[in-house]
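Quick heads-up: structures coming right below.
Common to both upcoming complexes is subunit A, partnered first by subunit B, then by subunit C.
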Partner chain A sequence: MELSKEQIDDILVITLKTEILDASNAKEFRSQTVQLLENSRKVVFDMTQVKFIDSSGCGTLLSCLRQLNGYGGDLKLSGVQKPVRTLFELVRMHRIIEIYDKNDDAVCSFQ
Partner chain B sequence: MSVAQDAGTNKLANILVVDDDLTMRFLLKRVLSNAGFNVFLAENGKVAIDEYLSDEIGVVLLDVQMPVMGGMECLRYICKHYPDLAPIMLTANEEVTNAVEAMRHGAFDYVIKPPEMKKLVALAQRAFQTYTQAKRLRKVEAELAGAREHEIFIASKIQRSLLLGRPPEDIEGLKISSLTIPSQKVDGDFIDFFKLNDHTVDVVVADVMGKGLLSAFFGAAMKSHFLRALHELTIDAVTCKMMNDQCVLNQDANGSFHLPQPQDIITRVQSRMIRNLEELESFVTLCYARFDMVEKTICFVDCGHVRTIHYKGESGDVELLQGINMPLGFPEKDPFIQYSASFQPGDLFFFYSDGLTENRNPDNEMYNEERLVDFIKQHGHLDPKKIIDSAYVEMIAFADSKTFDDDFTCVAIKIESEQGLAQLNTEAILEIKSDLKELVRVRIFIREFCESVPDSLLDPRRIDMLEIAVTEVATNIIRHAYSGRADEQIQIKAQMAEDKIILLFYDWGQGFDPQMVPPLKDISKMAIKDLPEGGMGCYIIAQSVDEVEYSSDKKGKNCACLKIILAPDIGD
Partner chain C sequence: MRAFLITTNELSERTPWGDAYPSAMMPLIDRPFLQHVVEYLVNQGFDRFDVVLCQHPEKIKNLLGDGDRWGVKFKYHLVKEPSKSILTLKCLGFDNSNEWVLLVYADRLCRVDLRPVKPALMSCHRILYCTKYPENHHKDVKLNWSGWAWLSNQCCLAAPANCDEYLLFEYLLSFKYSAPEFVNVSDMIRSCSYSDIMVAHKAVLSKQFNGLMLEGREVEEGVWLSRNISLHPTVQIRRPVYIGQNCRIGKGVRLGPNTVIGANCVIDDKTILRNTIILPNSYVGTSLELQDVLVDQYRLINIRLESAVTITENFIMGSLPEKQFPRWLKSIPSRLLAIILLILTSPLFVAMILILKIIYKRPLFDQKEAVRLPVPHDPGLWRVFALLRFHSFKPTPNRASPSGALPDISWQDLLFSFFPALINIVRGHLCFVGVAPRTVSEIKALPPDWRVLYLQSKIGLISEALVYFGANPSQDELRAAETFYAVSASWKYDLKLLAKYFGQLVYLWPKPDMKT
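Right after this comes the complex of A and B.
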């Protein structure tokens, strides 16, 4: 899976360049992010391009949050599309991970 | 009878003398035996506890200063394990402070050594009387608790058999589902349905203040008053017609009878019951509503009840139905006011008791009306039974308990779609390999299949949910039924029949037992380190469709069946 990253001060913004985050690519996504997150405390996932997510996708995001939380860091999401948000609300992910409309808002929330 | 006898059993009182002074022990034995006691002797607290203390001992004489275990320690043990037994402390003159302290900790009295024997015997007799009275009181309390439990059992039976009416199933265009779960205390919630003709049904949802038998009986009486009021007011209308007088009130333009109005029914019930309600210092909150499927109106009288939620299928908005009447039983002089509102196919009315909105979580926070309104906004498009089942699950999750402090009562009434769906009957089949890369094909298949269904019956949000559900089912089959093997077969059959879509997923792997899946915990209440990475699939499937069933045949073919009821819905 293609991921792009941008460092804004001490905040790492990772853009998911995929329309799908499901059981077919969740493992791959996780193995790519494990290393990326290792040296970060403040991370934003830009989800603008993701149009579909399933429970495996949600699980992998929770796993990233746990990893960051283990170092005292935090994960925030931006650009969450409506179908993705629907599932987040169903499993109450939106109460655990802060969600912002835009990257800038998510970045500002860390500063 | 001797004063050292149990009045109930006439048995001699057993007294235990605990003293390390041998002479004192034997002196006391002689005196107390002569006074009619059965005397047991122990040389210290430990021997008393290990060898003599039992429910048979009615009095204890306890020396304060003893080796091994002293009187104070022994006293603490007795007070903890034999709460009806209050020892008399024996103390030397210089230990009086200790003895007074002992009385603070549950001793009956204290005697300074050497004791004045006459006084000591009188004191022991008094202690024994106190002991037998305490024992008797405890027995009566236990019997009373048993009687209360029995009362709750009867009240709960009354509630189940007399207070909860069954919803009619034959009113065209109306689908009704209801649920009442009595709390452990049993309150007076009742619901009933009166089918007045083929297109009209009255619904009453009420809550009698108070608990136990009284409110259960009161609810039953109230219910019969509603039936009687309906009957009497209908007879009045017929009589009026027969007399051919100028009574136009009960006839409509076509000359057929008007049904008695909800406000007249409530007025009649109030006039019949006001005195009883006042005498019993009770009152009743209720909502009495009439559904007229020809006029497409709901006409209701609300008497201080929680606000009924009207979910509008077309817009997804909700309105709260509220009246201004006081509860029944209040000395109200003003006439009862009734309101009416129109409804459309796809609308839903959710009646409930305050057991839902006043349900509390472990932090003592109430669920409240706002949360319930949000819940109905999210679930209003579903089948009424599904809504009620989901509401129950929601309440359990919120309270973190399967029992409620208050009765849990709700009624969901759905105005069904008028559109016939016979023309939509179709079927499609997709066969895939058990490879996670095939998931995208499964979603495309479902999306294309749903294209033939008008948006009005299956809106985009529900299709989104369906895509998630089919992805979860297929993933479960690949991961669990086939243990990740990518070259096995999965067949998916989509059928559209009457008012539903049925999706059948067939596999020939390991069968699946949904009972083995632990219920999903609310992750928003978990510590981040405990968040799960999996285990959400079954929950998501169950929440995304109207019904889900898993089965296996004898040849090892497994089937996961998803059903989606087609109904007007706009989601959010």
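Right after this comes the complex of A and C.
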């Protein structure tokens, strides 16, 4: 899976360049992010391109959050598309991970 | 005009078992309080709404939609916890520097004139709507903020990120550029607690707080009847009384004064209701005498004593769920399939019993007390059943999965756990596919949001967690699998999981190995 990263001050913004985050690529995504998250405390996942996510994708996001929480960091999501957002609301992901409309808002919330 | 609605305040009394409910969604007469607030603001000329959501966002979105119904626009903002609501205010995005926004705690409704801010008042940056304590009670009249305020662009942007209502009020009082402007509010109703809801109902019934849209027609002074009501000729009514749609009021019932019966309720024969609010979808049994109480399905809240009890006996009080396909009908295909499988595997079953009983001299079954699903949130209403499985020779692994879950996708576990549990499926306790069975203590140990979704789901032998994450999922994987299944279960999805389970069993599909 292709990921792009951008550093804004001490905040790492990772853009997921995939339309689907499910059992077919969740493991690959996790293995790519595990290294990146080790060196960051404040991370934003830009989910603008993700149109479908399943339980494997949700589980992977939660394990990323847990990894960051483990050393005092935090994870926020931005640009979540409507179908994914609806799912997050139903499974109450928004009560665990903060969700913002735009990257700027997510970055701003860290400051 | 633009309004910023905060719906994140919670009515924790409603569900003391963890599922906090937005207080703005509590019913007032015939619709949620929030809808009254929106309709009031729309009538005052507001056409843009920013709504902050935390608990049950899907319910609020379903209620309000995109605003087309009122010819206005809604934009929704999700927050992780209520204290983050004001952070959203800072990220609103204003069209110009002179734009003002009306901050509204949506569990309050003030009857005030909300015309746009006059240019002369622009320099004060905020206008606070306040009620006052009675002057004879306090020497100095103390301001009591209603939760409504006009705020300037600058005032919003400088607001503290994380604060509760009290801290926000402190900030608004002390905002550096100028002194605040105050407007006195004489009439206000609230839904912040059950006693507030009681007071609000009385205020509307007695027409002290009028002007709200009500569905019922006032057939005579102080008596409102909605459509499709079945009212026995012997019913006695003392006004004011409001009866919602699709209600059935039995023989000899006495209603009022100050009584509201929400939609889809049944009040059984000879019951007397005075100063009582019956919330929608409630059943009230025969020959009861209720006064100064609020009935919320199987919860009885006494306002005078400030106490609440859960009634576990259905014939006294209970919930009347909205019409849906009967659950027992839905379970017929899986029960038939389980019977066929039991018949086909009966020689194997008998052989297993003989081996365990005669050769190893062990007890046949290892019974776990699992909770039947779906159930309400109150543990008093949970029903348990004995989940059957043959005593296994494998040591129980130390894992995150609940104790009732299938241990693994293997032939041995199929033999020891799957086949005996077919009896549970035949009895209708269990389905083939669902969330893993849990004991009462395991359910109580779940985090509240997870628990709420789990309790709404159905239990099954084969779970999404087992199929996608294997025998040893982490807590995060288990949570993701169970919450995802709870909201997306359907017969097609169940067939897909069933196919994957048997595919993995016969090595057509690889078993999950995505441990991180």
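Assume the second predicted complex is superposed on the first by the 111 of 111 C-alpha atoms of A that agree within 3 Å, B and C clash if a C-alpha of one lies under 4 Å from a C-alpha of the other, contacts with A are read in each partner's own complex, and residues count from 1 in each chain.
Definition applied: a contact is a pair of C-beta atoms (placed from the backbone, for glycine too) under 8 Å apart; a residue touches a chain by one contact, two chains touch by 3 or more.
Since this is a predicted model, take the numbers as computed values, not measurements.
The superposition on subunit A brings subunit B into a clash with subunit C. Shared-chain residue A:Ser55: touches subunit B and subunit C both. Using the contact criterion defined above for the overlaid structures, shared-chain residue A:Cys108 touches subunit C, although it does not reach subunit B. Once the two complexes are laid over each other on the shared chain, residue contacts for A:Val91 go to subunit B and to subunit C alike. Shared-chain residue A:Arg66: touches subunit B and subunit C both.
In the superposed model, A:Ser24 makes contact with subunit B only, not with subunit C.
Comparing subunit B with subunit C, the partner in contact with more residues of subunit A is C.
By the document's definition of touching, of the two partners only subunit C reaches A:Val34; subunit B does not.
In the superposed pair of complexes, A:Ile99 makes contact with subunit C only, with no contact to subunit B.
Once chain A of one complex is fitted onto chain A of the other, the partner contacts of A:Pro83 are limited to subunit B, with no touch recorded for subunit C.
For the superposition on chain A, the stretches of subunit B under consideration are 181-189, 253-261 or 451-459; the one running into subunit C is 181-189. Once both structures are placed on chain A, subunit A residues 23, 54-56, 58-60, 62-63, 66, 86-87, 90-92, 95-96 are touched by subunit B and, in the other complex, by subunit C. Partner subunit B is touched in their complex by these residues of subunit A: 20, 22-24, 52, 54-56, 58-60, 62-63, 65-66, 69-70, 82-83, 86-87, 90-93, 95-96.
Across the interface of their complex, subunit C is touched by residues 23, 26-27, 30-31, 34, 54-56, 58-60, 62-63, 66, 85-92, 94-101, 105, 108-109 of subunit A. Listed in rising order, the residues of subunit B touching subunit A in the complex are 436-437, 439-440, 443, 461, 464-465, 467-468, 471-472, 475, 478-479, 520, 522-524, 528-529, 531-534, 536-537, 539-540, 543-544.
Within the complex formed with subunit A, the subunit C residues making contact are 53-54, 57-58, 61, 77-81, 84, 87, 90-91, 161, 449-450, 452-453, 464, 468-469, 473-474, 476-477, 479-481, 483-488, 512, 514, 516.
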